[in-house]
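Naming follows writing order (A, B, C and D), and every chain is counted from residue 1.
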Amino acid sequence: MSLQTQDYLARSGTNALTPPPRARDAQLKVAKLIDVSICIGCKACQVACAEWNDLREEVGFNVGKYENPLNLSSETWTVMRFNEIEENGKLQWLIRKDGCMHCSDPGCLKACPSPGAIVKHANGIVDFISENCIGCGYCVTGCPFDVPRISSHDKRAYKCTLCVDRVSVGQEPACVKTCPTSAIRFGTKEDMKHVAEERIAELQSRGFANAGLYDPEGVGGTHVMYVLHHADRPELYNGLPKDPKINPLIGFWKGIFKPLAAVGFAVTFAAAALHYLAVGPIDPEEHDEEEKS
Amino acid sequence: MSKHLVRRHSYVARVGHWLTVFSFFVVTLSGLAFFFPSLRWLTAIFGTPQLAQLLHPIFGIIMILGLCILFVKNVAHAILDKDDVPWFTNVIEILKGREHEVVEVGQYNAGQKMLFWTIIGLGAVLIVTGIIAWQPYFAPLFPVSVVRLCLVLHSLSAIALMLGIIVHAYMAFWYKGTIRGMIRGTVTRKWAALHHPRWLREIEKGEDAHSSRLSS
Amino acid sequence: MTNHWVDIKNANLIVVMGGNAAEAHPVGFRWAIDAKINNKAKILVVDPRFTRSAAVADEHVRLRPGTDITFLNGVLNYLISNDKYQQEYVREYTNASFLVRDDFDFNDGLFSGWDESKKQYDKSSWNYQFDEDGYARRDPTLMHPRCVWNLLKKHVSRYTPEMVEQICGTPQADFLKACEMFAETAAPDKTMTSLYALGWTEHTVGAQNIRTMAIIQLILGNIGMPGGGINALRGHSNVQGLTDIGVMATALPGYLGLPNERHVDLQTYLNMSTPKMTGRGQVNYWGNYPKFFISLLKSFYGDKATPENEFGYHWLPKFQQMVDAMRFIEMTENGEINGFLVQGYNVVACMPNKHKSIRALSKLKFLVVIDPVASETANFWQNHDEFNDVKPEEIQTEVFNLPSSLFAEEDGSITNSGRWVQWHWEGAPPPGEGKTDSAIIAEIMMKIRELYEKEGGRLPEQILNMAWDYSKKKHPSSEEIIKEVNGKALADLYDGNGTLILKKGQQVSSFAQLRADGSTACGCWIYAGCWTEAGNQMARRDTADPSGLGNMPGWAWAWPVNRRILYNRASMDRNGKPWDPKRQLLHWDGAKWTGYDVPDFTAAPPGSEVNPFIMQQEGVGRLFALDKMAEGPFSEHYEPMESPIGTNPLHPNVVTSPTVRLFQRDAAELGNTEKFPYVGTTYRLTEHFHTLTKASELNAMTQPEAFAEISETLAAKLAIKSGDMIKVTSARGFVKVKAVVTKRVKQLMVNGQPTEVVGLPIHWGFKGATRKGFLTNVLTPSIGDSNTQTPEFKAFLVNVERVS
Amino acid sequence: MQVNRRQFFKICSGGMAGTTLAALGFSPSEALADVRAYKLLRAREVRNTCPYCSVGCGILMYSRSDESGNVKESIFHIEGDPDHPVSRGALCPKGAGLVGFVHSKDRLRYPEVREAGSKEWKRISWEEALERIARHIKEDRDANFVETNANGVTVNRFTTTGMFACTASTNEVGYLTQKFVRSLGMVSVDHVARI
């Protein structure tokens, strides 16, 4: 298993002083665009994802809602989330496909302590290299979208790979291909932004004045974007964060704290050494002799 | 009791200490590898990084068990009291190696007592945060924000603990004759007289009473 | 579908009513979304529930289950009284101008001719006035008081917005908003498509629901138009094909009828089955009935069919009464049936009143189930506690379970809703000892033949003379069979000018080549052309779309004669000018009609008197249905048999459909609002296909357990929370399911009283990978539509309780 | 044009992967080591039509083997046929899960009989099943066949055994079934369209 390729833009657990080889970054960035305004919540993407990736979630229960499986898990990499809102007498059933957003500045990668367990490809895909995953769950805490899940069977982290195995041979992700209403599109990020513009204009012409693109700046933009009819209130879509950012604690932990700790060790060791050199050992035997003398 | 030696640490206390030391090293090596990915190679001593991740919390619990023993054994002697005040006022002199000149230490000096409470405190934080962040068993039961906070607190306390332990180990190294106390359980009366004269007096007082009882 | 799936993209308004296209046909629905995005189309959903279709619609309007005719007649009333219809189309292409007999009448809920003692109509007054030549009289000015238009206008005038609100529970403002959307498409260059499915058919007035929309589509000028039409979204993948092939009690392939007892000989049968032309100079294509029928007999009986023996006519069984699915179950329960062969049909799960089905199957001597998976039907005798509370030791039915192939394990063709006949290929053999369906049928057939050949019996020639000229008699290949269905020349065929069209043995390329003299054989005339001398047309894969309208004429093959849009001549005025130049399908090239689709017309030039609906005797679309419907030539609102209001505000003396199909025993199992105060309705979810997908873990994962949807008001009243277990009871039995409390189901004000709807998806049972559960059809009543005998699954009465 | 797409597909997934890889941001040799191996590379691709609803979506079925004689083929993946004019490669959740239906744990593998009053299935041979079924049908037909009605009209029917046909089966099976039932004089016949 190769741990490095020239196509990684970033690689977890890798020192900024010794970055991965990444000369080949003049590449088209890919993106998945999810247009929630034409999503019918059919779950084809869920099934296609499970089918292609050979995942089988346990058959669960109905708990009084349409969601099933109820949440993301190591065997469920995408779920439809349903929300009913009623405003001004008009009912809306907001349905959002949830899963990895493939952030440009991935919090999971930042939090991951295992070298090469999380990589960001030059095309924007953030992928977990399970071989290197140690199952610590730091990625879970790094993700602003609550996406990665640790398997209780093999204790490794899992999430959507954007069907990196399909994309790598020139196909689209399974969920994109299967989407009955073309609510999921795939292409270069530029193209997807353009498609989104057209969709937003169309939605605005239908009275959704706040229609917009969800490509949050706080994580450097994402390679999974949403067209929302209420882009001003993303939280309506079952808690899509309005302004997602990597939590500052993660920034501190994986940022300044590390050199501080290193300095702490250095200082402590140095202090001890210097102290020893200055004061020397205190040996009761010598002391005795000193006193005697 | 020998003429030269006095018993300082019971067998149970020594086992507790070395159990703690051993497990501390294990968790530290793996923990450091998790904290500094460049030290990933440290996990090799466990076989694989995955095993390191698996064993880290288990040795953490062992370390906490060791600490519990130490706590039970030592807590009575670790209460700071007014006799410790001079130690603080003379800390510079002490660092210069003139402790015996400026204070008269009992069983533990104030620095040791503080270290004790620091270790116990950090140990408590480590075990609580460690369990909350333990994947895949307990972490999924808590909100991500709590787990995240726990992980950061865990690493902060771990680093603090490591620094504390370095100081602790250095002190043991600096005060020659200390380490044998923790290995063999006994220290020389000279050592005791130098570092813990008040404690030695109390011991000797006890010995006198004992021998007079014997002789009477 | 008069049109087809891709054509939906050409619509300006998509009305989803009597169905839930996004949920039941998600991929077909992509073209509705396409219309919305690329054609600025609007989507209107009229449904008791806020469905997944409604989630992406521009408007959602609620109505009470079983009141669609009221709503649609209300729309008709709005369109007619506001002059929102396409006048030229109505005048020229519908029977609006036709004069109706003076003794036709409608009074207090009943049409003329009702015989109370027989409980049926004498339909003779439901007809046109004819002139001395036998042609229908017309008044193109539409002024005559007896013309269809004025009768229709009068008939629907009672359906005011107030009446709609009273019966449907639809607030007037919502209803009028919907009417305005319909009205916009009265413009000649605007079309509306109607997407409906079982939400209309599965009612006691199912066929009339559809007719009402068909009338709307005719007056809006939307039939024959790209982006228009009346589009049945058929349920199962080949429900269209099996209907075309006529595997039904009284049918033969190609919508020919199985002879009944009145058809004493071939000539009588042909005379009674071949319609007479009733419009001067019209085509009356069904006049070719004898050609199709004789060709079928030649296909069935081969050389054994000769003019001397009426082409084997008497080997066909003649029926006394139609034994359709519901009557069959009734007869079985009566002990009148001994044996039952079931091919991939989950009877216990699919038929109404599951307890009745179980009682019936328990009376059988033998049951043969041919299925790829374990079904509730094959296992009906197993005890599964309250899910299937039976005593196996008391059930004396001998049950055979034969493992068959499924789609992936066979070659063959299936016909989609848009009439596209598509060929598919086998990818792997069936598991274990499984065999293909055709092999199983053929092997049983050969076994029976063997017995008759050896032992004799009753009329062995009926069995032995059926042609079975397949190279492998026990495993006929799909190619051989479909070539037989397509038909071939049995002698050299010449046209009127003496030119050789086909040599003996060649495949026919169109039903126009069929003959009534026994010189052609054809198993299903509308499929003539699917496998011609040029080969398998159904396997074609050319995706070219020369018109840009999505017709894809080179992809697979559509019946009839690869026509993609039925009645396409009606997309132009009489002179051949398209109603909308952007949607021009055909043009006159000086000698014939040609263009992007196969003309649904003759070679009559522009301006001729030939009307575009060539299958009809008078060549026009019928606003007035003559005697074709059981309940009457116009549609009328009748309450469901289990009505939550117990009256009919339009005519309290005739509450429910007078002609409804209801057996006496089943009448005793009807409930009323006293015990069952809420309206139950059943439906599908997008995650599952009936009870098939529950066998697949991948699908079971996505909707694992049975549930019912109730409104927040009902939940509050009964102290039910989402996720609680509830018991839903009808006069037929009970089911226990999880409660989904939702804003998407709402209380309606009907006839002045609050009415609650309980939604019941149908996908679970006591077999499969999903959580074991009840079959929803425990609850549904055994009542049928009077035209189609389709059971009422959409409106019945239930009670709901919380299970503690 | 089908050939073009298919060729393109094969080429993409096989030899020329590198071009695509580079275009989409992977370097061929090493990146492949880090992503899951593409699983359809040499699978046999067969076209079919989804058996659920009547949209008639095109599907591509992938089975292991190159049809060599020693292999019993097994379909391991099904996805949409991008050439199909209606579905354009899309499949709804039902269609997307088809492989689960093909390999359902509930698939029947051999003929079984449940004897009258019994509580269980018993495995039997095809020969026995066909023998017994044919005998049942013949006995019932011979006992209840009606040649003429009360008025002396030839009717040649028998109602006491019925058949319901399947609407997921092909037109060919439908036609065969039509011939089967009518050749026995059966009139108690229906299919799922009615429901």
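By definition in this document, contacts are C-beta pairs under 8 Å (C-beta built on N, C-alpha and C of every residue); 3 or more make two chains touch, one makes a residue touch a chain.
The model shown is predicted, which means the values in this text are computed figures rather than measured ones.
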* If you walk touching chains, what's the least steps from subunit B to subunit C? -> 2
* Structure fact -> Relative to subunit B, largest Cα-centroid distance belongs to chain C
* Which chain has its Cα centroid closest to the overall Cα centroid? -> D
* Structure fact -> When centres are defined as mean Cα positions, the distance from subunit A to subunit C in whole Å is 49
* Could you put a whole-Å number on the gap between the CA centroids of subunit A and subunit D? => 40
* **Rounded Å distance, subunit C centre to subunit D centre (Cα mean)** => 23
* **Distance between chain centroids, defined by C-alpha means - subunit B, subunit D (Å)** => 71
* Structure fact -> For subunit B, residue numbers touching 2 or more other chains are none
* What positions in subunit A touch 2 or more of the other chains? -> 42-44, 46-47, 50-51, 180, 182
* Structure fact -> subunit D residues touching 2+ other chains are 78, 90-93, 95-97, 99-100
* To do: Using the contact rule from the top, write out all pairs of chains that touch.
  => A-B, A-C, A-D, C-D
* subunit B partner contacts - residues on subunit A that touch it in the complex -> 12-15, 113-115, 132-138, 140-143, 146, 150-152, 155, 247, 249-250, 252-253, 257-258, 261-262, 264-265, 268-269, 272, 275-276, 279-285, 287-288
* Can you list the residues on subunit B that touch subunit A in the complex? -> 33-38, 40, 49-50, 52-54, 95-97, 100, 133, 135-137, 139-140, 144-145, 147-149, 151-152, 155-156, 159, 162-163, 166-167, 170, 173-177, 188, 190-191, 193-195
* Asked: Across the complex, what residues on subunit A touch subunit C?
  -> 37-44, 46-47, 50-51, 56-66, 68-69, 84, 86, 91-93, 95, 180-183, 199, 202, 206
* Of subunit A, residues touching subunit D in the complex -> 1-2, 4-7, 24, 27-30, 42-44, 46-48, 50-52, 119, 121-125, 127, 129, 161, 164-171, 174, 177-180, 182
* **subunit C contact footprint on subunit D (complex, rising order)** => 1-2, 44, 46-58, 61, 63, 72-75, 78, 83-88, 90-102, 104-119, 121, 126, 129-138, 140-142, 144-145, 147, 149, 151, 153-195
